[in-house]
Structures are given as C-alpha cells and as structure tokens.
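The same chain A turns up in both complexes below, where it pairs with chain B and then with chain C.
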Partner chain A sequence: MKQRIHPLLVAFAVLVFFFLLGPLVIILGSAVSDTSYLTFPPQGLTLRWFSNIFEISAFVRTMKTSFLLAVGGTALSMAIGIPAAYALARFRFQLPAFLGNIYVLPILIPEIVLGFSLMKTVAIGADVPIMLALLLGHALIVLPYCVRVVGASLNSFDFSIEEAAVSLGCPRWKAFFTVVLPNVRAGIIAGFILAFITSLNDVSVSIFLTGPGVSTLPIQLLAHMEQFFDPTIASVSVLLMGVTVAVMAIVERTLGLTFLTK
Partner chain B sequence: MPRKLRPWLLSAPALLLVLLFLGLPVLSTLATTFGDPKGPLAQYATFFNSRFRMTVLWRTMEVALITTAVSVVVGFITAWVVAQAPARVKSLLIIAAVFPLLTGVVVRSFAWLVILGKNGILNDFLLWIGVISEPLTMLYTKGSVIVAMIYLFVPLMILTLVGVLEGIPQDLTDAAASLGAKPGAAFRQVVLPLAVPGLIVGSVLVFTGSFTSYATPQLLGGEGQMMMGTFLYQRAMVTFDWVGASTIAAVMVVVTLTTVLIMSKIARRVNPMAG
Partner chain C sequence: MTVSLSLDNVTAHYGSTKVLEDLSLHVGEGELVSLLGSSGCGKTTTLRLVAGFLEPTSGSIKLGERDLTRLPAHARNIGLVFQTYALFPHLTVRDNVAFGLKQRGVGAADRRKRADDMIERVGLGHLADRHPANLSGGQRQRVALARALVIEPPLLMFDEPLSNLDAKLRVDMRVEIRRLQQANGTTALYVTHDQEEAFSISDRVAIMNAGKIMQLDTPEVLYSRPANAFVADFVGFENMIPMRAISEAGDAVRAEMAGGATIDLPKEKFTVPAQDFILATRPEGLLVAAEGQGVPTKLGLRTYLGRAYQYQCDTPAGEIKANGPLSQPFESGSSAVLVPQPEQCCLLPTEAA
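This part shows the complex of A and B:
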C-alpha cells in the first residue's frame, strides 16, 4: 500500500521517533557526564562511571547471575520448547488444537501474578532453592518465544525432506538432528536471542524470587535507584542498551527485524 | 517409541513445565482467596468494599485505558507513515521502534526519572527558558506514570500496526481509487475496517501490559500512585498479607483474561477478511 501522505502526518511521526529515542540519548549523555549527579547535556566527558560499575560488587554479582539465568533459562526452555513446537507442526492433526494455547499461558497470565505464585507455592511452599525457582520462572516466561518463533520456522519447513531421510534408512532421532534442526536454525537462533533479552530484562517474576542472597541485575538497578542517583545507573543502562544492539544485529541476520512486525 | 504416543512424548516436558510451575501455583493462589472462614467470597467483599482498594483498581484502569487510547492514536498515525515510507527509510524506522522495545523496562522508566525529576532535565530546561520560576513537581504523579507507560507501549503498537497495514493489499486501495473514491474515503471505508482487528490486538497487548505493570508505577508513581502491580507486591512482601495479595492477583487475572477473551471474539467478528 503506497500512498502520498500529508506532510503534517510525517511531521507527527518524526516527533514520535524523537520521543522514542530522545530519552535513550539522554541516558547515554548522562552516563558520560563528568559530574556526580545525572545531567544532560553532559558536562565534560568521562568513562569513570563505567569503571565504577565494576567497583560495586552488587552490580558485578547480579550481572553474572542475570547472564547465567538468561542463558540457562532460555536453554532449558529451548530444550523442551523445540520438541513441543516440532510436535505441533509435524503432528498437527493428532494433537488437540488447544495445546498451542497452553504454551502461551505465560504471556496471558500477568507476570506479577506468576512471580507471586511461584514464590508462594514453589520457593516457599515446596522449599525449592531460590536459584532453581528463578530458573524455572525464567524458563516459563520465555517459553512462548521459544515455541512461537521456532514454530514459525517449522511451519514453513517441508517435512517431506525428513520423510525422505527416514525412508532412506536414517533413524528418526538422527533425521531430527541432521535434517530438521539445521533447516530451522534461523528460527532457533532468533528465538533464543529474543528469549535471552526478555529474561535478562525481567522484573515482575524476579522481584518475588530475589532476596539478600540472590538478585538479578534489573532488580539490583531498581534497588540502587531508590537510594542513589548517580551516573552509575546510567552507565549500566548503556551497557544493557549495548546488549540490545547485539540482539537486534543477530535477529536482523537470522529472521530479519521485520519478523517482529508479524 | 510407539507411533501414537510420539507427539505426546515430545510435548510432555513443555506441558509439564507450564502445568506444574504455572498452572498449579496460579490455581493455588486463586484457591486461597476462597478459603476465608467468613465465607468463600469474604475476601472479595473486603476488596470491593474497601475504598482504598477500589481507588487503586480504578486508578490502574484509568492509567491503562489512557495509555491504550493514546498508544492507539499515536501508534496508528506513526505506523501509517512507516508503512508508506520507501524501503530503506522504513527499515531504519523499524530499527528505531524495535530498539526501545527490546530495551528493558527498568532502563526505559529510569530515563523518565531523569527527565521528570525535581532537578531533572525538563525542569532545568523550563527554568532556563523562563517559563517557570520554580521547579514543578512532575514525578510521583499519575501524569508521570502515564507518560512513561505511553513511552513503554507505543513501539509495540507501531510494530503491530506496521505489520497489519503492510498486509493490506495495494489492489484494494487502487480499486477504491479507480472507482472514484477520494483518498480520505478510501482510507475510511477500506483501510480502516481492515486495520480494526490489528488495532484490537494492539490495544489488548497495551491494556493488559499496562494494567499489570510493576516497575514503571513503582519508579514513577511511588506510594502515592499505587497501582494493582505495586499494590500486590506491597501486600505480599511488605505487609505479608498473602491472602490479600492473592485476591489482588485474582482480580488482575479476571480483568486481563476477560479483556483478552472478549476482545479476541470481537476482533474475529469484525474481521472483514474472515468472511
């Protein structure tokens, strides 16, 4: 659909993009400001707030936790989500239609309700170690991404290729790993990376499952913000934006960013 | 493995994760709300008779509805412009919308803390140009929560609608034009009806997302502008009133699920492409 659009609408859209990107530019600017308070435009240029991140042990510790959690939770979710997505695509007529909806429940149920319920029933009720409860919670919230994104790739996969391999004597499990998986690699990588960033940024589930011993980076940031207001928070934010850029580059190279408009 | 069981065996681990660690815990949360000795609905009577709780509920509704309405209008106009843009510009604009979307809620809310604070950038600027003589209190108001919420959800709306608008075949608007429809009429009678299902999907995502948000009202609203998410957290982790927290959780689940169910039904009914 291509039409000529009114210049006023274009001007409006330009303003919207200023509104969307401006605040992030402000964070970037205040992270390099040579002042002990947050200000924009930056006064002087310094990278000391970035090195300051590594002076604060809580940030270093939670960064590690968040990274491990995002990788572990996503890996777990993929390990069980890929077979589920495969079953949905391959045995479409043998499985009930509502099955696909079960995997998106973690999106449908408010995350904060899930976090509270996990804390109450799993972490305290069943006495599951906090790190394991966090891992399960994160695996849950990213499961819809794993099943959906991999599923989208599987839906355009021609299963007769797999059948050909099997009819030529290849065992089913081997056909799955050597024929099916390589063909949906783009979907797996994109799904993994989108799940990873979702887990890395999570607040609503983690907030209930963190305490004095274990915390994640976003929760630590929240706590830090309520006490201090120095450019260190801005510099951690910039690091996180760097991760976002890397994530976007990977999605662009696999499924393309326009995948996110579908 | 047996042929018939294969699909189920492959689905089992994912199903178990959802049923054991989402289904069971959430159901148990909902169940505790009916266990009051004064009667199964006593907790709900307390909730709906409490002026404070109702204020929080209505405030959350109001913030979520305003956020949704503004996001729909802003998102639709922007998506319309993006969809018409030449390919190269379009991909840049999509990048510009995806970037904030994939940046965390904490980082994006923090930006507004810096902008709207007493010594924040906006106050500095307004003082400097002389519009105001004393810094305004913008933080910890309903307005600051709404602005940050709109900021949070506009990218989601834009991306949802760009996909929808791109999916409308050029032939349809061409046909309308060749039959003598002015651009305005073609837009109202062809494009808009076809975009309605997408607008509904986008609105549901924004409404449920803002209705259940935690980090943004926590950072920008504080105690004074408590919303359902922050209220649930406060009940559960500050006053340790788990039954009260569960009741808040149940109200949140009911509101979001009914919204999703009703709106998706409407979306299906009004979809002209569904015939």
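This part shows the complex of A and C:
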C-alpha cells in the first residue's frame, strides 16, 4: 500500500529546505562571481576570490590562530572534560545531580555576558596574554560539549568492565586508559568534533578577548566586511563551511551522524 | 598452589549504612563455598571486600599467609567472574583471555599459547577471533570463565555468574564451573540466590541474612538440620510450631504447645535445646495418623502429590501442612494426630526477639 503524503506537507518541507539551504547557495554563488562586489546570481565564474584569501595576510594569520585555538582549546577542554565526565558517570549515585549541570552553564549563559566577564577577569583582571586568554575562553565555551557527549558514552559504560581489568592485575589509572577510554572512543571523537566546530565559528566570546595583533578568522571576516564588500567574504565563508562539512563527513563515515543527535 | 581464605570479624559500610556486621568466614584450601541469601543481604558486598573494591570498616581478610585487607585490588591476584560477564568489548576473545597475562608481563607468544589453550578448554576454540558482541550469553560466560582461570589465581570468585542464562544452560554451566574448579584445586567463593545451584555445586554453603551469616555448613546438614528458624524457613521447613518443655515423662520430654495439647518427645531421638523451642518440619516430617504421640488436628483440604497425600491441618497451634500415606486416605473434616518423624524434624531455639 502506498502511503499518501499531503501536498501541503511536501510544500512546507520544500520551503524549509529553501530557507536552510538558500543562504548557502547564495554565498556559494557570490564567492565565484567575477565582480569586485558581492552579488547574486554570480556574473562570470572565477576562483580568484579563493586565492585572494591567501594573499591577504590578515586572513592567513587569523586562519592559523583560529585553527590553533580550535585544536588547543578543544584539547584543553577534553583534558578537563573527560575526567569530569568520568567522575560524574562513575559516581552518579554518590554525587549530587546538580554537579553535572554546572558543566552546561557555558551554553546557558549568553555568550556576550560570558565574553565580557572573561575579558574583565582573565584578560584585564589577571592580565593574561591575549593568546592564552583566547585559549582559555575557547576551552570554556566548548567544555559543555566535551562533558556531555563523552558523558553520554560513559553513562552506558558498564563499570564492572573496569573492575574486571583491575581484578586481572591492571592498576586503576592504567585501566582507565586501556579499558575505559577505548570503549568511549566514539563519544570522545564526536565531542571533539562538536567542540572543534563551535570553537572555529565563535565570534561573541572571541571578540572580547582578541586584541592588538591577535584575531580569529570570523572576527577578521567582520573587520574585512566593514571596509570591503568584495566576494572574499563569501569565499572565506565557503571555506569555513567546507571544513565543517568535511568534519561532519568524517563523523558520518566513522560513527554515523545520528551519534551527534542522540 | 592452594590456599585458604579467611574473613575475620569484617564490618563494612556504604556511607553511613552498615551492610555487613562482624562477618567471619573461612574457605578451606580447594574448597568451594557459596554465599546464599535473598537480594540485598550483602553477598556482592562480601565479594567486593575480598576483591578489594571496598575497604572494610574493621576486621581483616587473609588469603593464605597474605593479608589482603589493605592491599590494592590489582595486586590481589583473584579471578573474578561477574554477573554481567564484564568482557572487554573492544578486544577479541583471545585478547580478553590474554589480558591478565599481559598485565603479568607474559611475552606475546607465550601469552597467545596459554590463552588459546584456555579458550580450547572452555570449548570456544573456533571463536578466538570474535568480539564479545558476536557471542551468545553462554559463550560470553565461558570467555569470562577462561579469562579468570588463565591467570591461575589462588582464589576464584563468582557473583551470580549464571543468572543471565536460560535454565538448561545454567545447569550445564554450573557443572562445568565445578569441574574446572576441582580440576585446578582452586579455592572458590560463589554467590547466588538460587538454592538448588548453591547446594548442587558447593562443599559448604553460607546462608546469609541482613549482612550476617546465619549458618555455614554442608548442603546435607543445612537441608536436614538447620540451626535456626531463619535457615529452617529458607530450606523449606514450612511448619514452625512453638513449644515449651514442661516435664520429663520417663525417657521422653513432655512438651506443650499453644492450645494446651501436649506431646512426648523420646529423648533418644530428640534433643530439646531450651525450655522454649520450635518444632520445625517439612510437610513430610509430620505423619498423619489415626492415633499416636503427636499434635491433635482436624484435617482440612487433601491434595494428591503422587508419592503421598498432603493435608491442610487445623491444629491448636495454627495452620500446618502434613503428609499422609497413600495406603490410608483420610476424609476432610476427620480428626487425626500428626506424628513428628525424628529424622525429618528439628527442634530449634526460639529466636531472641
């Protein structure tokens, strides 16, 4: 029996798709337009705006900074988040429930507020170098992803497996690395990717922490847009999207995207 | 190498809740002792103490000459088999079994050989390269067993290892466990809440209640001569008749029960433990007869059991179940006496309230 789908439902779905994908198509179109201003539909076809990115030293510099921050911030956050998630899962019956929620706070606090308070305390108050302040800020905003996603894996982990390893002569700390970590690998990869993308795209927290000579790619993009309105902006956006899609594709290949939504 | 396990006056708490109280237990060399008891009585806690996952509040634990009490868990060298099997999901059957050898620094080639030998012994030779997710429950249990045995531990411990298997497999596996344990002469502590399982494979069984051992003895003794009302009830002594010794009548003790009926218990067959005591029997321990030295009763509902008739009896001491011979059926409503059969009765001290 064929299932009948209401035409209005189809129309609605199509509309949503346009709404979601339309801007992406426009950006992609603008990025290859052979004009010196942003326009859509593209006039002519060129890749020179992509090579232009690499000729503007500010873009190259901030791109490096952004990647460094995304990798470093996420790594730092994982270094804090994995042990925290482990403790929360292992001792979930002994620890008070609110402890787990503390790690979600960075998502709940408006990013502007978070950025401002970080600027006041870390950058100005403690007079931390800009790069380090950025690193700490990024580690903080991605912490919820690390703790929650790794935590979800750990919650379904049977801790008697760890005890089995210990009973077989494996010290506790070693069992954590040889038995626990390999079995929550999927959660760690997924958490890492979510955190990486979040960090790479962050503006609101970074904008408070950047300073003379140090900026991130999304912020440089804003700065560039204020002066020039050429397709370079679109091509950088396409590049960022490309990285995100590539990362997603890797997740999809290795774990399946459903992992991120569960 | 066979050693014995001793727990001496061990008390354990979870937080501020006392879970085990002053528990002492000795498992002899090569002996298999089961801990049997209802849910929450502290069986798993006892294993966790010996394994080193929980520290006793007081008391000591010794394995042979070695004092385990403060030794870290990984240094205790005890083979553990878990209820959930707890296999390493990311490792093959072979690597699961070889894990303990690897921790002991056994070289790769030797490790592989010993693991394969053990996998062969538990009958899984053809599955050595599989991951646990692709095994049946019974096969997983065998891997868990092989993993615990391959390190040749002086002590093996099992926590309800068969409770996730179906009935037929349970019987096969418990025989297998017993066979392997005896072949290696390994001392073993086995936890279960299945009485048949405990009685069938153990040298001795400890019946536990609320963090204490009520009686520790061979299955035969527990089954026929329980030491107290709790154990009697646990092993199926359905009738508990409170009594009081009132006088000596020749070579018998005369005892009175609720309602004033008296019965004479011959001294050569019954040992009365105290003035107040309990006559505990299974239904077959009270013989329904037309007359004799026994508990007077009015017979109620009669049911046919194949080897005997069973009667619901209305006695002055309350409702009781007793069996009568097939050769002499009694009608419901008739009067009779219930004659205690010495070899199937116990006289127990009244519980201190």
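In this text, the second predicted complex is superposed on the first by the 250 of 262 C-alpha atoms of A that agree within 3 Å, B and C clash if a C-alpha of one lies under 4 Å from a C-alpha of the other, contacts with A are read in each partner's own complex, and residues count from 1 in each chain.
The working rule: a residue touches a chain if its C-beta (ideal position, glycine included) is under 8 Å from a C-beta of that chain, and two chains touch if they have at least 3 such contacts.
Since the model is a prediction, treat every value here as computed from it, not as a measurement.
**Student:** After the chain A overlay, clash or fit between chain B and chain C?
**Tutor:** Superposition result for chain B and chain C: fit.
**Student:** Of chain B and chain C, which one touches more residues of chain A?
**Tutor:** B
**Student:** Mind working out whether A:179 is in touch with chain B, chain C, both or neither, as first, second, both or neither?
**Tutor:** second
**Student:** Figure out whether A:227 sits in contact with chain B (first) or chain C (second), or with both, or with neither.
**Tutor:** Neither partner.
**Student:** For A:168, is the partner it touches chain B (first), chain C (second), both, or none of the two (neither)?
**Tutor:** second
**Student:** With both complexes overlaid on chain A, does A:160 touch chain B (first), chain C (second), both or neither?
**Tutor:** The answer is second: A:160 touches chain C but not chain B.
**Student:** Shortest C-alpha to C-alpha distance from chain B to chain C once the two structures are superposed, in angstrom?
**Tutor:** Distance of closest C-alpha approach: 9 Å.
**Student:** I'd like to check the shared interface: which positions of chain A are touched by both chain B and chain C across the two complexes?
**Tutor:** 94
**Student:** Can you name the residues of chain A that touch chain C in the complex?
**Tutor:** Going through chain A, the ones touching chain C are 94, 158, 160-161, 163-172, 175, 179, 182-183.
**Student:** Could you list, by residue number, the parts of chain A that touch chain B in their complex?
**Tutor:** Against chain B, chain A makes touches at 1-5, 9-10, 12-13, 16-17, 19-21, 23-24, 26-27, 30, 37-40, 79-81, 83-84, 86-88, 90-91, 94-95, 99, 102-103, 105-106, 108-114, 116-122, 125, 136-137, 139-140, 143, 147, 197, 200-201, 203-204, 207-208, 218, 221-222, 225, 229, 233-234, 237, 240-241, 244-245, 247-248, 257-258, 260-262.
**Student:** Would you pull the chain B residues touching chain A in the complex into a rising list?
**Tutor:** It comes out as residues 4, 6-8, 10-11, 13-15, 17-19, 21-26, 28-29, 74, 77-78, 80-84, 91, 93-108, 110-115, 117, 119, 121, 124, 151, 154-155, 158-160, 162-163, 165-166, 168-170, 173, 183, 191, 208, 211-215, 218-219, 229, 232-233, 236-237, 242, 245-246, 249, 252-253, 256-257, 260.
**Student:** Could you list, by residue number, the parts of chain C that touch chain A in their complex?
**Tutor:** Per the touch definition, chain C meets chain A at residues 15, 51-53, 72-80, 82, 84, 86-90, 99-100, 103-104, 147-148, 151.
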